[in-house]
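Structures are listed in the sections that come next.
Two complexes, one shared chain (subunit A), two partners (subunit B, subunit C).
Let's turn to the complex of A and B:
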């Protein structure tokens, strides 16, 4: 069994799972030489064109800058500067639509070229004599970031201290339409190889593997020719299959290794650089030519002249398209990047940046828009196409259900968004779009969870701190008290304090013993007065009862109402009324009145029982119990009605309805009722008298 | 001017779901034509009835669900279900049988589960089982192949027998079923099963006219036709080879082992492969993407399970053929199979290594 290195040397190329074979359509642009884009009217230079942070701005509006002059300076390792692509005046530094799928405005420097294209002073390095640190600094200062698409700062990738077995140069360019790297290799293979030499100096790999798709024979030949003096450089032709240019896929193709989940290629001894990056490194080191231009494939059927153009960074897309004879159609799509992973532009003032490899302006018939999404039929063509061996149909299901746990279980994070699944989907489901949304949601959730955790930790830390402070305070106080006591004991002040305390106590006791006697006297006097008042009122009440016992009770304004007296009176009245009724009226009315009386009695009884047991002294209290008063009034009214009924036996219908009777109980004027009741009683008495006699 | 915003990828291959369904239906054609030639025009009439019923049911439910009717009908999935059910039932079964079956398949099994892509069970097979359980007599009245029929049927006869159960000349279905020798004929699988139950040996049963070469008369050619269609589907990458291979493989192995063990009571593997609905089921029905397993390994398990169930039911169960039951049972296991056969994601260790 030959070792991996032997197999690689023997020219073995492996395969990766899935992949698709879309029509490449590279001939449109790859058959022509690279054209040089003329200077546009304005250059829009975003201050951040890579993954990382923008540098510190060095120029101000109105400054004249020279070609290659840095516009920003890197103040940390994640920053790379941007440079003036030509000489001219800085006319504006303001947010401008960014070359990003979101199209969010980003701080962008607008440069008006003066047409002189005047260079700053250039200091090429002697690669053979300078040290690695100088090289790395030059790479960073020249603003080089990965030109394959991600835009990761190159000096970080080549400045790593981990041992590197293989340096892989990615010249696969697997996306349809794009031929920028192809043309670069055809025209500048020797410079690229010089760039690789510099990268090799920095990384010291065992071998350099240059992966080129087998549909680029000229480029492959050019690279082989340029590499023939270097025995550990291997140009490898890989089969045309999308996405063989993906970092992980190319590693698998050329070395049969997989980058472990959550790790970087360098962890398995591999560093990958784009072929364009190698070219930029060579330019930066050998010519002191910072990254201010790049090759862009401008293609699509709406262009008369699809071709590759050497464009200055900051060139607006509209200028590039116009230079190629752009004839837009209705609902035109303009895509930055390839048809598989590129993004559409909302307006054409978006500039070319370090990672822009293609501007694609297709017709609607050329790349029909997918817009009739139907249900997934679980055909799993997507799973067959997925280069990461995921199950896209399951991920779709869980993305729609927003089940982030399941999405993580099915390794959504390993999706490289290559679009192979959506390409093959017969139901035209925009799978990648679903995954992007789901990924963003998961990120958001994780962010929230992290924040909550931090907040919790902060809160707990604060509680712990407060508790600690409290304890410390308590301890300190105790200590202070103890020391004070000790000091006092030592100084002998103890007895004097105790004496003073004793004196104070004695004084307090004296004052207490004199006060109570006064208070008691006052209280006794008050009690006496109260008793007198009560006696007086009792007398008065008795007197009024003997004069008009019922009328008093019925009167609401009467200050004192004796409940006992009232109930006695009521009972008497009832008895009288009954007698009268029996004597005077027919049986039918009798029953009616009886029930009416019963109802009233019930309500009275209820009122009496529900009212709290009144003590005997209640009659003495000045404030009358309103409930009792109401009861008495009700009784009086009832009596009055009975009397009425007695008097008018010809109208039994009036009282016929018990409910009506009860309902109307509250209505009559209580005073009238009282009068009526009094009259009734008087009559009843007479009647009784006459009967007795 | 305004520019259209879309999300990547902007490029799509041009094979749509509707095309896939249409291609599967077309791949059935050799089998359907042969079936019509062998068993008479009843097949065509059943097909027409099924397709009309399927479209009507689909349109009705789509309308009730407020979905675009015409756009969904164009996905051809209802058409395919109708075709598969129509060729699975006896050609001269009464008209209401196929109407009930198709309506049930589309309305209950497919649309009530959420429509295309959401049904757990294969609609055609669920309907087949419904019919078989509810109308066992009508569902087993297969006529013998034309070459063995004592009374030949005209197209008009076919229409009459499907709609009235009597041919124009007044023959009942059971009369039509009898062979040249006047003995009522069943399908080869049914005949074999009955004979074995009666205590005959395989060789004795083999003498009957329903058998030809190593399979049943007519049925052999029919299976070959469906096999051809299925191979076309694999070549066109519409179905994966895994399910048919697993179905046929497990059936073959089990039949071979059992017939080696007891050649008098178990039919040989070739008989099993080319009898009944084997090829139709293995290439056209078990591969229905919606209700089948979706992982590579899972498809092998799924297919093998179907083959095993078919073997068991054919030899030990209560029905002569068993694809409908086998497929429905396997449908139930799909979520489990899919869950435990997830492929190893790039850069992840296999689950077995994790423990």
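Let's turn to the complex of A and C:
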């Protein structure tokens, strides 16, 4: 029994389960050489064109950029940059319809080409002398992501540390209509092989297997010729069957290995790269030509000249179609990607991106829209066709029932959404659509579960923290109490009670013993004290008589008495006003207004009584004394508040008036105004609350 | 005599097994109520308190003690269904007072924030950052949309904003016509 490697060397090709044979219709575009797309008026460059995250934007609106200049920088491993496809001016950076089935706007840079096509300085690497890290960095900096359709960052895929037995170059291109890889191999086989050399340096595989479908004889011959000098490069022709270009299917075809459920090919020692990616790697490393263009098959019966075009990334689909003689029908559909796995574009301003391999504009007769879905008849053709050996009808039931547990049990995640089941379905059920919806649902649920887990962890961490803080506070209090006690003990304060008791006892004993002899003496002392008190009172009365007229005469010039009284009054007024405001939040509004009135009256009375010589009624006359001004302000505030309180219970909508009232009281300082606004909002809120309750 | 032998043998076995079971019940006693854990895993962990309990775990304990399973608006119908499966009771519609809402997150209008830290204290998952007399803001990724910060805000500067859909979380539309070839 020969080993697997020997079998592979002998040229054996295996088979995979299921698959279909749709009409390929590749001749429409594969018979002409690749045409170069003329420079469009505008280029729309989405900042994220791969699976992962967008890089950090490096340019601003109005900047002039050179061809190949990076527009974003990758700040982490899941990011790859995008580059200016030609020299020109950045005219806009804004959301634009994305090349995605959802058509959701994504951040897109709009570039207006200046027609000079001026390159930045290029620094090609010497592949033979530079190390692997430099190569990987160059691959990432050149913005290379898988060009077969998924758009996974290439530097991650070739930078893996796991040992790799086989590097498989996917040049199968099994989907109908598409011939971009075919033409690329026909025209640039040597560059592709150079790219494979670079990938081999990084991965060090035992063998390189290049899988090409047997309906591309010219491409196969070109690749064989280019690989002539390489020992372990094997070009393998695989039978035309859809979807032999699927990653797992091709692995099975070329190595007879199956990728286990939920694992990646690298786990079984296999890495697969698209032939377009190999070409892009060669360009990036050997020419310092970042990924700024790609070959797109523009085809369909509505075009006069279906052909492969070398288009700059960011070229609008409408420009591509026009360049091929587009004659749209009524309700024309334009599909990005192939007829099996592509999606209908919402509008034609969508740009070509790194993963766009085909633009298909079919006539209604060529590719009729399926719309008469009927019930499943359990014929099981779908199960026969499924390349992943799943049970599509079971999955359909559970998708319709939204039973995510059962769906996972039946390995929905292994579905590659190739559409073979829907293609063979006699009831014309769009099975893949159901699976996509179900997959999105499961993804959402997993996301929610993850978030719930995080929230729970955070909630528990917070509770633990609060608990710890509480304990620490209690401990600190205990410690403080303990130290206080210790200090008291140290200073002998503990014996103070006993000392005091002893003193009292001694005194009592003394008084008892001295009572009879000192009684007269005590009485005399009391008499003396009484006399002293009388004299003091007399003096006081005299003094007040002399001061009173002085105060009358002094008028405003006795600030010592007046200002003190005034400030007390002001403080009182403020406190009362505050109390009244607080009471306002309560239930009875009548009482509030009463108290408010009382407050103002009190404060007025206080102010009047304490500064009798000052006329408080007119604000102009008190201007000279700042304290008195404060009193006046307090009064004004109190009055304003009173007014508010009268107004607000009846008409809550007058919050604006209150606002205005407060604004007039306070100075037009913006900060104060902001505070006033905040206060007003708080009040309005309180009012609303009390009304609700 | 045979009857007695059988009775004695069976009785002896009964006693033996009883002793083993009794020992096992004490030796391998499960401390916490695993049912509460299971219920807590189903609940969405927003800690919003809309059920009337202070957090998801207290509500899980309440359900384990026989409370209604339909008091969790953030969980919605799917949570009720799972709880009904777990508890072996009939799935009830969501409590009328508690309507199911779209996924929302809190948003602080930053120029109106006065920096009072009241919302920070209210947030059950520490999703609001800020300091006293400085502006606060919400970490959208951590916010569970529980609403608890809206009420304490003295200047009403917190809004609950529906989460914008992104391409990553977009769901395929069944109405979209699939593309395929018919001979």
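By definition in this document, the second predicted complex is superposed on the first by the 452 of 693 C-alpha atoms of A that agree within 3 Å, B and C clash if a C-alpha of one lies under 4 Å from a C-alpha of the other, contacts with A are read in each partner's own complex, and residues count from 1 in each chain.
Here is the rule we use: a contact is a pair of C-beta atoms (placed from the backbone, for glycine too) under 8 Å apart; a residue touches a chain by one contact, two chains touch by 3 or more.
Note that the coordinates shown come from a computational prediction; the quantities given were computed from them, not determined experimentally.
In the superposed model, A:448 makes contact with subunit C only, not with subunit B.
By the touch criterion stated above, A:258 is placed in contact with subunit B alone, subunit C being left untouched. Once the two complexes are laid over each other on the shared chain, residue contacts for A:348 go to subunit B alone; subunit C is not touched. With both structures placed on the common chain, the touch criterion links A:26 to neither subunit B nor subunit C. When the shared chain is aligned, no partner comes close enough to touch A:155: not subunit B, not subunit C. By the document's definition of touching, neither partner reaches A:294: not subunit B, not subunit C. Contacts of A:96 after superposition: neither subunit B nor subunit C is touched. Looking at the shared chain after the overlay, A:42 reaches neither subunit B nor subunit C. In the superposed model, A:194 lies in contact with neither subunit B nor subunit C. With the contact threshold set out at the top, residues 22, 176, 333, 335, 339-340, 342-344, 367-370, 419, 422-423, 430, 432-433, 436 of subunit A are in contact with subunit B in one structure and with subunit C in the other. Taken in their complex, subunit B has these residues touching subunit A: 1, 3-13, 15-17, 19-20, 71-72, 75, 77, 115-118, 240, 289-290, 292, 294-295, 338, 342-349.
Contact residues on subunit A toward subunit C in their complex (touch as defined above): 22-23, 98, 100-102, 104, 106, 176, 333, 335, 339-340, 342-344, 367-371, 419, 422-423, 430, 432-434, 436-437, 440-441, 443-444, 447-448, 451-456, 458-459, 461-462, 678, 681-682, 684-685. If you check the complex, the residues on subunit C that touch subunit A are 40, 43-47, 55-56, 112, 114, 124-127, 142, 144, 154-156, 165-167, 169-172, 174, 176-183. Per the touch definition, subunit A reaches subunit B in the complex via residues 16-17, 20, 22, 176, 248, 252, 258-263, 328, 331-335, 337, 339-348, 360, 362, 367-370, 372, 374-380, 383-384, 387-391, 393-394, 410-411, 414, 417, 419, 422-428, 430, 432-433, 436.
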